[in-house]
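To keep things simple, chains are lettered A, B, C, D, E and F as they appear, and every chain counts its residues starting from 1.
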Amino acid sequence: MDILYSDKPMLALLVSAVAAMFILFTGERRRNLREFWTLLASVVKFSIVASMIPLVLKGKIIECTLFHLLPGVAFQFRVDAFGLFFATLASALWIATSVYSIGYMRGLQAHSQTRFFFCFAFALHGALGIAFAGNLFTLFIFYEILTVSTFPLVAHKETSEAIRGGRKYLAYLLTGAVLIFFSMGVTYALTGKLDFVAGGFLQGSGSDPLLRLLFATFIFGFGTKAALMPLHEWLPTAMVAPTPVSALLHAVAVVKAGVFCVLRVVLYVFGPKLLYDLDLWLALAYFASFTIIVSGMFALAQDNLKRRLAFSTINNLAIIILGAALLSPSAITGGIFHLAAHGFMKITLFFVAGAIYVKTHKENISELDGIGKKMPITLGSFAIGAMGIAGTPPLVGFISKWYLCLGSLEAKEIVFLFVLLISVLFDIAYFFPIVYNSFFKKTKDEMKSGIQEASMFMVAPIVLCAILSIVLGLSPNAFVHFFEMASSAMKNILGSGGG
Amino acid sequence: MVWQLNLILLLFVLICAIASITVKDLLSSAIIFGVYSFFMCLLWAEMGSVDVAFTEASVGAGVSTIFFIVAILKTTRRSKD
Amino acid sequence: MTASPFPILVIVVPLISAFLIILLGWLKKSLCYPFMIASLMATVFFSMAILRWIIHHGTLHYYLGNWDPPWGIEYLIDPLNAFVLVIVSVISLLIGIGSKPMVESDIPRKSIYFYCLFLLQVTGLLGIVVTGDVFNLYVFLEIASLAGYALIAIGEEGAPFASFNYMIYGTIGACFYLLGVGYLYIMTGSLNMADLSKLLPDLYASKVVLMAFAFFVVGVAIKMALFPLHVWLPDAYTYAPSSVTSLLAPLTTKVGAYVLIRIMYGVFKPNFSIEVIPATTILSWMAFFAILFGCVLALGQRDLKRMVAYVLIAEIGYIALGVGLANRNGLLGALLHIMNDALMMACLFLIVGAMTYRGWPRQMERFTGLHRKMPITMAAFVISALSVIGIPPACGFFSKWYLVLGAIDAEQWLFVAVLLISSLLNAILFFRVIEYVYFEPVAKESEVKPSEERTKFMGNEAPLTMLIPIILFALAILSVGLLSGTIISLVIQFALPANF
Amino acid sequence: MISPFEDVIIQTVCRILIPFIQLYGLYVIAHGHSSPGGGFQGGVILGASFILLCLSYDLQEIKKRLSQRANVIFLSVGVIIYAGIGIVCLLLGGNYLDYSWLRQILPVDPVEARSIGIFGIEVGVGVTVMAVMISIFLDLASEEEQKGS
Amino acid sequence: MEQVIGKYNYWIYIILMMIGFYAMIGKKNLVKKLIGMNIFQTSIILFFISTGSKKGATIPIVSNGHEGIHRAIEAFQYMNPLPHVLMLTAIVVMVSTFGVALALLLMIYRRYQTLDEDEILRLRRK
Amino acid sequence: MKLVALIAVCLTGALLLYGTTDMPNWGDPNSPASLHVSPRYIEKTMEETAVPNMVTSVLADYRGYDTLGETTVIFTAAIACILLIRRFSP
């Protein structure tokens, strides 16, 4: 495999860090300039990331080593197909989110917007760093940057509820980080290296019980961020954050980063072979299935729109992990592709929830009857997103779910096929009533006057994301070759791991 | 280096030490402490370290006792233990 | 090799400056501060020069009065000394710069004497670090301690009593150290560290040597405030003036840690400390409790400065744990933490100083709105807090990483657990403060008397002389962490005691 | 507390005694080479003579003879003599405090130079210790008086 | 008996030191603590001086030093001067610590009008 | 508190007494302290420094640097006292 040395990964990272500094020094007074920085940085970042796609698709790996952190471990970025996949997703959605957040924050006339945009840029910095990190140590550094920079975003409203949400967020994630720290230490002590290797590098380095324990601490550590079921509690609580943040948390950066890290560990540290040998894949798969089913049930019980979306997120993230755990070619491809698919669809849904909140200050599903007549474009996009998540054929969600189902058949574990199908049922059950009620129920009196579509800043990203999720469904390789990247990553992993 | 003399001096030193931390009146305690220093100085002279003995005589028994007394006069003589 | 006069200059320059500053103050008072800064800068220069020399040429010997050791006093500088030397000199320079506003406002008439004692304190610490003679170390220990007692006592309300307590404990510590010196002397007849380490292995069976070792460790542990002997620390460092605390807190404890390492692995051979007596095991258990105790007690504090003081106790525990683990990674972590913790504590206490200087109370409930008034200072606070918690890329993470690795290597899972748990406790501690600073709790807004008191606190950002060191510290915390690999490969790996 | 008390006998005795005490102090400093004593002991004795002065008269008396400012100067001059001799040795090309290098500026052989160097630092120590004793005593004793005024 | 004569000096220094130690940590009055501190320090000095003594040796000053009689000086004739030197330094350190301690005592008294530890703690808690 | 102090003191004392059993006897001319470093001070003082009082020669020359430190200590004490309790008339 060719390795190409280039500064591009570092540049892509620096863009958002530098932008964050510009934002900070521009300050509250020159709002337009400040938001210009955000937009500029997001576009530049995306173009740098996108420029690396052709090279990576040719099978090359782009590497950028800065200096040594530990003996044998460098501060190193290495862009492979999997990392670039996530980076593309994150930076693409950042453009949409920043446009949207400008509209949202202005619409609500929120306070401390400088801090908001600053932390937002830094969170993206962290997410991209996670994507590009060439070894666990570098990954952990950015993981923590992401954790910490998201905390002010969660607690942004500064109400006691928001602060409580922030605390919970930190408590869960820092505990997780400590577990990761520990497992990283053990890994280093066992092998003396931390570089990611497609197919894993831990084979034969320790006794079986130790490796099992290590796997558990890794999964529980990163699982907090990926909101696996017993560790998910922070995610619905963090819904107090402003909607762009929720979108960031759920669709773009944070939880996806968690899932990304889980996948990295499962596929690049342990590797399929070791998972098979120790039967860990089955354990992980059951764990994920448990999350899928339970979170579906929880979602049904929610009345708050954003909370329902949150549980839907937990559900879908577990699906991704399930895909990785099944370790069959289609399942891995489907799982990775679902990262992107879910990202586009879920961000649409959150944007809609935010737009409704800005216009009506309503958050509960039961209060939204008939709103579709007032905001047809917005709610139409919502319908598209919801259908996508449920896996309706022409949409992007269908592709990923199709591959996942194929994958579970390939792995000869018919149980998980049922789990996936049940999850589809749950999706329909908790989204369909919203769509139905908003369009076909009678509008309540208080909603009759003055409600209209939100500003262009908000509607444009919504519609764009909705359209994208259709386009990607029709042609999964449109624009940035998501599907190709996913399958290439799969080939790397399975090709060398011998799974 | 006569061990009998040495022993007697050591006993005196011990007595003075115990007395100076048990006496309730701080001023007498300070004075006893001066005496303690003086015996200490004799002891050292007896052991052959004249320079140290000289220093202890001028510092321990002399100046620092004066300091002590001045400080006690500035503060209080009473003590509960 | 005595060609290089740097080892003595690094001590003599601040020493003579301390004497001259008195005369200078007699002529013109306003010259004292620049003079002190100039001499501290010279010290930094010399210590850097020594470090450079050491990296290129190896150990440096300097014979004072040109008497060969063990008859005369010898300065023996190896990478370990040089490393600590640079830390001490750089941090004292920065704190020296930052001390001006506090001195000028609090004790304007006595500023000369303050600067003089400040220099003496620095000299004492530097002297402890460079010397190769156990008794000379005691003398400089006393210079540093005496200056420290006086500097602490000029603080607020409770300071003299706290200082008195410190003095009692400090004297016990110093006397135990001296007793240790005496016990070694009676058995070997030598005072030179290198000489002692040659003579001692034959005597390891002797009870007297064992006692000497115990006295050394206990004495130094008192000086560095290791857990059961830490009693003096919280009060002393809370009531002392902030510029003094920010000098003493990072440095005295770290220098103590240095002495501990020097005694345990330099004067005595590692196999004595590890095998002949289980000193390292005891030490690491003390450290274990220090970490837990420091963090838990810090949770109960509402006063920021006192809280940081308790955190300091826990941090000392980290260093002692690294020393006690007695393997390569543990010691690397301990040495790295000496540097990192010095930076963090200096930064935190200086920030507290800047806050008090601007009239803010130290009660953390009343920090609301602070981030608007002192944005840069508070940004630095966040950085150093993250470092204490151990969040990368701040430097605290890296030393913790080595400590955890060391504990894993030693298969002491309990120590791994306590290191991790303390991270979480620290997170609670510092995020609590950050919440007060950045997120104004709406419910509590009414409790703070709004009009008068808030306007009285109308200080803006910290004065420039404090702000510059704070910013430099914050930047150092970030960069030292990322560069730790380089630092280790350049300096610290040579600073490890032999056989590690 | 140390009140100006008028006792003719004590005052007269002290006035006669003090010069002798000071002379003895100087002797102790100077003769430290071959008999017990040296800079430190001599300095303490010198300091004690001044302390005796203000015990027998009052605090103002000593301030007349030796102002606090001058005392502070003495304080630092003593140590500067000491450290300065070291620096001189350093500048002459030797190690710090290697007095034998003083032979380059003194017409003596190295061993004699060491002896002279020792004498020099004894004087420095003596000056400092004297000043320190007086200074500490004055600080301890005079605190309350100035508080009142 | 040999053992006793050879060691009693050390025993007494230990007893002295323990008296001082007890006063330092057990007594409530600050002045008493200070006296304890001094006893503690002098006992250590006593120990050092004891290490330097030699049976059958004289004080460490060369007799007839200035008369130019350079007889060979044998080490057993004179006592070991090194502990004496060290202890001179230690005495100076002791008196310096003592001076600073008295200054602190004055400051404490000025603030609390008492020198009793318990009372100071009580006053401070208020 | 006093009980605790007493116990601590007794423990330390017992430990110390235990340690003395291995010490060379008091005044033993063949103890290591008299044999290793100090003979040079005694034998060479006249040759090397021309000072008959060995204490002075060691104090001021062989270990002169310690004495500088000692002088600095006492200087520090004086400055400390000035800083702490001297009142400066305005």
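Everything that follows uses one rule, which is that contacts are C-beta pairs under 8 Å (C-beta built on N, C-alpha and C of every residue); 3 or more make two chains touch, one makes a residue touch a chain.
A quick note: this is a predicted structure, and the numbers were derived from the prediction, not measured.
Q: Which chains are in contact with both chain C and chain E?
A: Touches both chain C and chain E: D, F.
Q: Return the chain pair with more inter-chain C-beta contacts, choosing between A-C and E-F.
A: Of A-C and E-F, it is E-F that has more C-beta pairs in contact.
Q: If you take the mean of the Cα atoms for each chain, which one ends up farthest from chain C?
A: That would be chain A.
Q: Once you find the CA centre of chain C and the CA centre of chain F, what distance in Å lies between them?
A: It comes to 26 Å between the two C-alpha centres.
Q: For chain D and chain F, let me know how many angstrom lie between their CA-based centres, rounded off.
A: Result: the chain centres lie 22 Å from each other.
Q: Could you please state the distance in Å, as a whole number, between where the Cα atoms of chain D are centred and where those of chain E are centred?
A: So the centre of chain D lies 23 Å away from the centre of chain E.
Q: Quick one: chain C and chain D, Cα centre-to-centre, how many Å?
A: Chain C and chain D have C-alpha centres separated by 36 Å.
Q: Counting only residues that touch at least two other chains, what does the list for chain E look like?
A: 5, 8-9, 15, 21-22, 25, 50-53, 55, 57, 59-61, 65-66, 82-84, 86, 88-89, 92-93, 95-97, 99-100, 102-107
Q: Touching two or more other chains, which residues of chain A qualify?
A: none
Q: Which chain F residues reach two or more other chains?
A: Expected reply: 16, 20-21, 23, 27, 31, 33-34, 37-38, 41, 51-53, 55-56, 59, 61, 63-82, 84-86.
Q: For the complex, which residues does chain D have touching chain B?
A: Spelled out, the residues of chain D in touch with chain B are 1-2, 36-38, 40-41, 44-45, 47-48, 51, 55, 133, 136-137, 140-141, 143-144.
Q: If you look only at chain E, which of its residues touch chain C in the complex?
A: Residue list for chain E touching chain C: 21, 24-25, 30, 33, 37, 40-41, 44, 47-48, 51, 82-83, 86, 89-90, 93, 96-97, 100-101, 103-105, 107-108, 111-112, 120, 124.
Q: Quick one: in the complex, what on chain E touches chain D?
A: Those residues of chain E that touch chain D are 59, 61, 65-66, 88, 92, 99, 102-103, 106.
Q: State the interface residues of chain B toward chain E in the complex, per the touch definition above.
A: Touching chain E from chain B are residues 1, 3, 6-7, 10, 13-14, 17-18, 20-21, 26, 29-30, 33, 36-37, 40, 43-44, 47-52, 55-56, 59-60, 63-64, 67-68, 71-72, 74-76, 79-81.
Q: Any idea which chain C residues touch chain E in the complex?
A: Per the touch definition, chain C meets chain E at residues 135, 139, 142, 146, 149-150, 153, 157-158, 160-161, 163-164, 167-168, 171-172, 175, 178-179, 182, 185-186, 191.
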